[in-house]
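Look at the two complexes coming up: subunit A is in both, with subunit B in one and subunit C in the other.
Moving on to the complex of A and B:
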């Protein structure tokens, strides 16, 4: 099993970094939170042009038929840059949920999907802007209509009540879609954690107190080193779970282990980031708050930490440890 | 159906610290991350735009050490069709005249070239003369510092922008063009483009393959020699002016002292 990314996967990540670094995503996310979707949809289409929405779509639906590793590479970058929108629903879960011509629209960046998946995803993300709305009910796929808008911890994740309607299709094995979404969430958390660490390190090198930059104080160094270690250890679990999805293995166990580790690491990065930034991190003007909220929200969606821990435990008890 | 050759160069990342070798004062390529020069991304973009408007073929031409393949890959993943990589130890330290000769010889291997597109200058050497030298060697018209390019049948029109102003140029094909930063916004390689680039042909050539005399290239045969080089002195701390109601006057006095106003 080879964990290192290929030259092409690294190049794809670089391409996304270039595109997103120049896109002022923080402003796009703030406007998205305010219900102003146009800049976010424009960014969505640009990311679709470089292939993000087509990765998991099979080739016979005009997609790229790429693997879960490529999906993780892309979602890590989406998380790093804090891109708003129903990315997990549309680009990670839906392509594995059904094989329908609407996937061509997903691949082209024209179709946005919002999913409700009881009990793991109780509310529908961005259901007002999504044109494909599906509630997963066991093996039944039902359409739903968006109800009341709900307030959540992350303003750029706009949540809605979902009112389920008729069954439109069935998915005999929705597990793959769920795992792909949980893994995409883990990758976003890993990326968000890396962003929080990078910005905290930058700030510690810049901010002067008691006559020196705060990064020179050992106490601050240790805080940041702990975050770096946790993220570094979560990374291989996330990429390893992607390899398991592509090549076979104990997928639920590996995906859940990756999700737990990535969420814990990102949450530590968020707490530490806020502490290192001091009061400036609390202000609405500073972008730190966008990532703090995102990490908290992602930690609770596509399965809680408790759910994912229980899946790891079940697998261990069943003796599937290799 | 224009047949386009784009010149690309791998340079040290502009955002990293760039150094010269202490022994021979050539660029220390190991000291910094190497990237495809940004201006070349724009040159590739322009070639792709022309190709998309009227079909044709885009060949990337790079003279540089083995690791320049990364820069070539990037150009191919943006959408160029094939590449020629001239890589030869003997080229180390070549001056612009020798570089232009090697490029001209390599272009000679592409059949029926209609257009050669280069960046106006590389961000490392910043000589900015290679496109003009190349046009001279190839016997083609040169349209440099283009901020807009229009290909129309067998002619090409260019808005040339320099510090002196804007000139409108027109020439018959084949021609050599160099583009400035204002020409376009380069695209980001897509996943599809990156995967497709793996299968695109890259022809690797040596100086001997091109029929260029090894006595014309390299550091020893350069027309100019760097005798000495020193790193740029660190920036000195600025002069601090405390505003005691007369801050504006003090700043004005300083600027007058520097003969700036």
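Moving on to the complex of A and C:
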């Protein structure tokens, strides 16, 4: 057993960190929220160049056919940096939903997909910019037409009503696609939680009140220590679920456990981050609110916490305890 | 990245599973904090040792079988899943032994470890004093130089297992002019020696799991000092990291408790459905701790050392244990107040956030040493 990232996987994460740290993603996300897609699409293509969109695409569709662990590495970085766009739909779900030549476009970073998936994803993400729009209806895959745009807590998640049309294909077992999307969401939540913790620690080290940095106060330290603990323990669940997807295991149980823990930890990081920042964190001028909103939005999509807890319980009731 | 077991680990796990299935007592032993239970648990330790299963990670020459850290974690998973008796000698096995491996002499290891593995010598810990709890560096018990050794005087308290144990280990101030962390010496002491008086203290469950130890010029030979005199703080930190970290409360314990909680939830059909989410969270927490530990084991196997992340460990399991047992009691409803394994488990879990450094001390450690926040007043 070696339960740690390989040198290549660590290197991949570091290269994404380097690329995204230099990309001023907060500005890209704000412009994306305003309907100005070009900077975000440019970033999409740069990430495609280093392989992010090709990870889950099979090799015979010009993809990398990489494992779920690599997918988690990438989505954790996307979540950390708050990258906008229909990443989960396009790079995590779609490649497992159908085996079609359009996946070559996904791998190349030219095709963006938006999915509706009742009842978990009733609103289609970035359906205006996506060129592939699919509503999953049991085992039927239908095209959908974007309807009214909806205003959400995270402005960089541009949501649309989706009006399903004709059946274009069928997917006998959409479970894998759903689990990859739920796991990618968990990874983004883990990354977003880590960003919130890092920025809160930075802030607590420099903000001075009562003549000392607020990070000296135990009341502040203990809040942040609890966040660190929850994130540290959520991470292995997320990677453990990726191993289950790659090598076999109780996939629904492990993906849902990861999603529950990652969302709870990220939400604690968001609430704590806001409290540590105080009023500045409550402004639209400060980036904290972008991540706070993203965490709240991701917590409800690709399965609610209640849905994922119920999937864990279903597995446990059936005796899948060890 | 994988969670696969190699053939050796699988064979080891199967052997442990089979042995436990055959030997674990059908009815639980009485609490080891009673005279009868203590004796019964001592016999159990001897049985384990006969199968070389009492300290699997130790070298063979001391009664172990050179098991890897991963195999030790697997042993623990099997041990708790089988409902095997609590380890009466856990202070020795999981705190003193790692300290001896890091800082002891070969002579000390040869003399102390084999009887520890067989349960012939059961160890108590002697850290806290009436005025030194979380602030252990405030301790005042003294070690005074004498011919060929030291004379120990003072008072230790909240000393787990001391009511019935044979020997104890702890820190003593050997330099009367020293302050705080300096001038302390790590000593092993015979609790039957002249000048030792032990006063048992009943815990919340009514049994004497604690004791006070009064020492009046108790002689210990130089051979029972671990590390250099005056260097006790550094030596003790090994113990502290082991207690907080991997060894004292391994994932097996919580995985087994979570599995029993799931069984209870399946049986208690009348229980409030709102409790189901907490059952899920308890199992998720135990699984998280298992996978986190596999990650730690991987890092340690690749040469890393256990540092402040042992405080992350302790913070997590101490709270998991309380939440898990609270959920069980809530499932039991009005019967929860009756004596039984869940009530005993809950009382035991309540101590977790206190011993081995309180959760508040652990949060300071995580904040300062892992997150890099500035040290401030306590």
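In this text, the second predicted complex is superposed on the first by the 321 of 322 C-alpha atoms of A that agree within 3 Å, B and C clash if a C-alpha of one lies under 4 Å from a C-alpha of the other, contacts with A are read in each partner's own complex, and residues count from 1 in each chain.
Simple rule for what comes next: contacts are C-beta pairs under 8 Å (C-beta built on N, C-alpha and C of every residue); 3 or more make two chains touch, one makes a residue touch a chain.
The model shown is predicted, which means the values in this text are computed figures rather than measured ones.
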{"item": "Subunit A: partner with more touched residues, subunit B or subunit C", "value": "C"}
{"item": "Touching partner for A:51 - first (subunit B), second (subunit C), both, neither", "value": "first"}
{"item": "Subunit B versus subunit C as contact partner of A:11, first or second or both or neither", "value": "first"}
{"item": "Partner chain in contact with A:232 - subunit B first, subunit C second, else both or neither", "value": "second"}
{"item": "First, second, both or neither for A:204, with subunit B first and subunit C second", "value": "second"}
{"item": "Partner chain(s) touched by A:317 [first = subunit B, second = subunit C, both, neither]", "value": "second"}
{"item": "Subunit B and subunit C contact sites that coincide on subunit A, given as residue numbers", "value": "none"}
{"item": "Subunit B to subunit A touching residues, read off their complex", "value": "73-74, 77, 188-192, 194-195, 198"}
{"item": "Interfacial residue positions of subunit C with respect to subunit A in the complex", "value": "1-6, 9, 70, 81, 255, 258-259, 262, 266, 276-277, 279-281, 283-285, 287-289, 291-292, 294-295, 297-299, 302, 309, 312, 315-316, 360, 362-364, 366-368, 370-378"}
{"item": "Complex contacts: residues of subunit A adjacent to subunit C", "value": "1-6, 9, 69, 197, 201, 204-205, 212-213, 215-218, 220-222, 224-226, 228-229, 232-237, 239-240, 242-243, 247, 249, 257, 260-261, 306, 309-310, 312-313, 316-317, 321-322"}
{"item": "Of subunit A, residues touching subunit B in the complex", "value": "7-8, 11-12, 15-16, 18-19, 49-52, 54-55, 64, 66, 70"}
